[in-house]
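Two complexes follow with chain A in common, the first pairing it with chain B and the second with chain C.
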Partner chain A sequence: MKQINTDIAIVGAGSAGLCAAIQAANTGAKVMVFDENHKAGGQLFKQIHKFFGSREHRAGTRGFLIGEQLLQEVENCGAEVHLNSVAYGIFDGNTLGIVEGEPHHETHYAVKAKKIILAGGAKENYMAFPGSTLPGVMGAGAAQTMINVNRVLPGEKIIMVGSGNVGLIVSYQLMQAGADVLAIVEGAPKIGGYGVHAGKIRRAGVPILVSHTILKAYGENEVEGAIIAQLDDHWNPIPGSEQDVKCDTICLAVGLNPMTELAYMAGCQMAFIPALGGHVPMHDEHMETTVPGVYVAGDITGVEEASTAMEEGNLAGLSAACALGYIDEAAAKEKEAAFLNRMAMLRSGEFGERRRTAKAEQVAAFHNYQKGIGVKDGE
Partner chain B sequence: MAEKTRRVVEHPILPAQPDQKKVTIYYNGQPLEAVEGEPIAAALMNAGIRAFRKTVKLHEPRGIFCAIGRCTDCMMTVDGHPNTRTCVTYVKDGMKVESQDGYGKNEVVVK
Partner chain C sequence: MENKGVVYTGCPSPEELANAPGVPSAARLAKGPVAVIECVQHIPCNPCEAACPFGAITVGDSITNLPVLDVEKCTGCGTCVAACPGLAIFTVDMNYSETEAGVEFPYEYLPLPEKGMVVDAVNRCGEVVCKGTVVRVRSAANFVNTRVVKLAVPKQFANEVRSMKRLPRA
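Presenting the complex of A and B:
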């Protein structure tokens, strides 16, 4: 099998992977990026809302335009981006197995890299209830992909389950695309996402039903309706509160989980941190995992949002290039300080605090593992 | 086949897409208008088709869940290849798309 050698190989050309590529390639390192999709940019091209943060976070710019900017920067930086390229495995000696090309016409090769950055992102959680496998029940992100990228409505009368930022933002975007959002159903007693997003939903006249759940979806061959009900203080449905809602689509915005398969395969030690979406690879302050030379960035290290993913990508790309001697430590330190500062801002405030604590726990887990603390026999 | 369109044409933020090339695909033998390069799943959804396959044991309908090629709920037989993820397989003129019951047409292979 053909083997290609490179300095840095990056898996995933989304917000984190592209930023890592730009940082690393701008130091002069040879960088290759692999992404299974036919277009780079990951989830950015679905995000048509304006981003938050400061000017350094490109705040006020819509996600898909940030995607365009990153594609331009990555083209200028000299990194090689391989699309339609699946990294199906990671083997000893920091080698990736790649299958590249159109379906049924692929070529197969290995990439041996001095440093590997895993930036494969996350996937949406599923929520089981009777009827939840019917066509018409889908992830909120899936609906967002259908309307904003593929430009097709998945349905016309929609119930959104979950009032975190994804549920709120996608509800609004479904309305912008021409659908009716009948209600947002939220199990918790309060709205999960930002007030500014919830306000837009309410001004549009869509009820956000807190302390409510979906009991079942029904329909012959696809969704024709749903039964929703109110929950008591112990999250049990209140008898008699059931409502039959005629809808054709049910979107699940119930969180995401990191796509950690390659990290597991590489042998990275994992920490279980529910606030970050489940099992996440332990990493140090420079995004390097417990497997030397394997770095992580973006949602694979814990589900946050695109701005943070970009900063983690910046940090991982810079750290990998610095470890290879492409940038001297003093210059790297200065850049790193700026990335860390912006990341701290993104993880501040009422909503960011939980993620900030969780990320600190993840880094602490890395150091404890290196010291042998909390490691069971045989591990 | 449903006549009305579900396409998002006018949008407050996203630009218009005047340069789309229309092609024909065949869904279970019936011609269906599609946009070249769009995912097969998008073309079917536009036509109001949302049940793409049936499960192996209980023959229950399944359709799009994740739309990013992860969950494999949207698999169909495309140009004779069973288990093709229609959310990340892109339309070409003349493509033959068939709903799949269980393992699909190459069932002999997986027995």
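Presenting the complex of A and C:
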């Protein structure tokens, strides 16, 4: 099999991977990026809302426009982006196995890299209930792809399960696309996402039913309705509280989990941190895992959002380039401080606290592991 | 039903609004156009600060601070309404006419309302509280496709009306 050598290979051309590529390639490192999709940008092109944060985080800019800016920067920086390219494995000696091309016309090759950055993102959680396999039950992210990328309305009468920012934002966007959202159903007694996202949903007349769940979906060949019910303090459905809601689509926005397969295959030590979405690779302050030369960035290190993914990508790309000597340490330190500062800003406040604590735990797990103490999970 | 607060209902409660440093007093509202920043949670966000052409909004170095409105500097121009990624800023003009107040809000749905239309004005919970007349629909390059709609509504509803019912699909 053909082998290509490069300085830095990045798996995933989403917010984290692209920022890593830009940082690294701008120092002069030879960078290759691989993504299984036919377009780079990851989830950014689905995000039609304006981002939060500060000017340095490109706040106030709609996500897809940030995606376009990143694509332009990647083109200018000289990193090679390989689309339709699946990194199916990671082997000894920091080598990736790649299959590139359309089905039946693929080429296979190996990429031996001095440094590898895993930035594959996360996948949506599923929730099982009677009827949950009926056509019309889908992930909120899938619905968002349909409306904002493919311009197809998945349904007209929608129930959203989950009130985190994904559930709230996708509900809003479904209404922008012309659908009616009949209710947001949330098991917890409080709304999970930002109040401002919830506020715009409420002004549009959508009830947000906290302490409620979906008992079942029904329909002959596709979703025709759902039974929802109120929950007591122990998350048990309250008899008699059932409501029958006629709907054609049920979207699940019940969290995401990191796509850690390549990290496992590389032999990265994992920590189990529920606040970050489950098992995540331990990493140090420079995003390097317990496998020397293998870095991680973005949702694979713990589910957050695009703005933090971009900063983690910046950090990983810079760190890898610095380790290869493409940028001197003093200059790298200065840039790194800016990235860390911006990341800390995004993890501040009442919504960031849980993630901030969890990320500190993840870095502490890395150092404990290196010292040979206190590995609590992931063996 | 009593509103226990934004994390339970999605609508900021009267107490949360009263404590928000971006919400002007009744006395200031009575003087004429002013921004009403209904931002009550410490989320990392500050575009409103840079958007204000009069320097009337301060978030500060810690971007999770709530925006503070300097009601003396604020002219109610509404530039911040389109800049807020959370769509949480409005303007209220209590002196729009003898009987009506002007309420501006961000709007991102199609079809767009047009000047002169009479629409259903809704409160923070999406309930129709009165009819409102569309007196202006603003758009600008720096609004990045958010429209700012101004409704004239009976004065007594000025502090309730925060949007309009979506218009039916064409």
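The rule is short, and it goes like this: the second predicted complex is superposed on the first by the 374 of 379 C-alpha atoms of A that agree within 3 Å, B and C clash if a C-alpha of one lies under 4 Å from a C-alpha of the other, contacts with A are read in each partner's own complex, and residues count from 1 in each chain.
Here, contacts are C-beta pairs under 8 Å (C-beta built on N, C-alpha and C of every residue); 3 or more make two chains touch, one makes a residue touch a chain.
What you are looking at is a predicted structure, and each value in this text was computed from that prediction instead of being measured.
Once the two complexes are overlaid through chain A, chain B and chain C fit side by side, free of any clash as defined at the top of the document. Remark: in the superposition on chain A the angle formed at chain A by the CA centres of chain B and chain C amounts to 100 degrees, rounded in steps of 10. By the touch criterion defined above, A:F52 reaches chain C but does not reach chain B.
Legend: residue contacts after superposition of the two complexes on their common chain; A:P239 is shown touching neither chain B nor chain C. Judged by the touch definition given at the top, the superposed model places A:V210 against chain C, while chain B stays out of reach.
By the touch criterion defined above, A:P274 reaches neither chain B nor chain C. In the superposed pair of complexes, A:G372 makes contact with neither chain B nor chain C.
Applying the stated contact rule after C-alpha superposition, one finds that A:Q176 touches each of chain B and chain C. Taking every C-alpha of chain B against every C-alpha of chain C after the fit on chain A, the minimum distance is 5 Å. Residues 62, 176, 178 of chain A contact both chain B in one complex and chain C in the other.
Taken together, the chain A residues at the contact with chain C in this complex read 49-55, 59-62, 65, 175-176, 178, 189-191, 194-206, 208, 210, 345-352.
Chain C meets chain A in the complex at residues 6-12, 38-47, 50-51, 62-64, 83-88, 108-110, 122-127, 144-146, 162-163, 165-166, 169. In the complex of the two chains, the chain B residues touching chain A come out as 6-14, 17, 38-39, 41-42, 45-46, 50-52, 60-71, 81, 84, 87-90. Chain contact summary for the complex, chain A toward chain B: residues 36-38, 48, 62, 64, 103-104, 123-124, 126, 133-139, 141-143, 145-148, 150-154, 156, 176-178, 221-222, 259.
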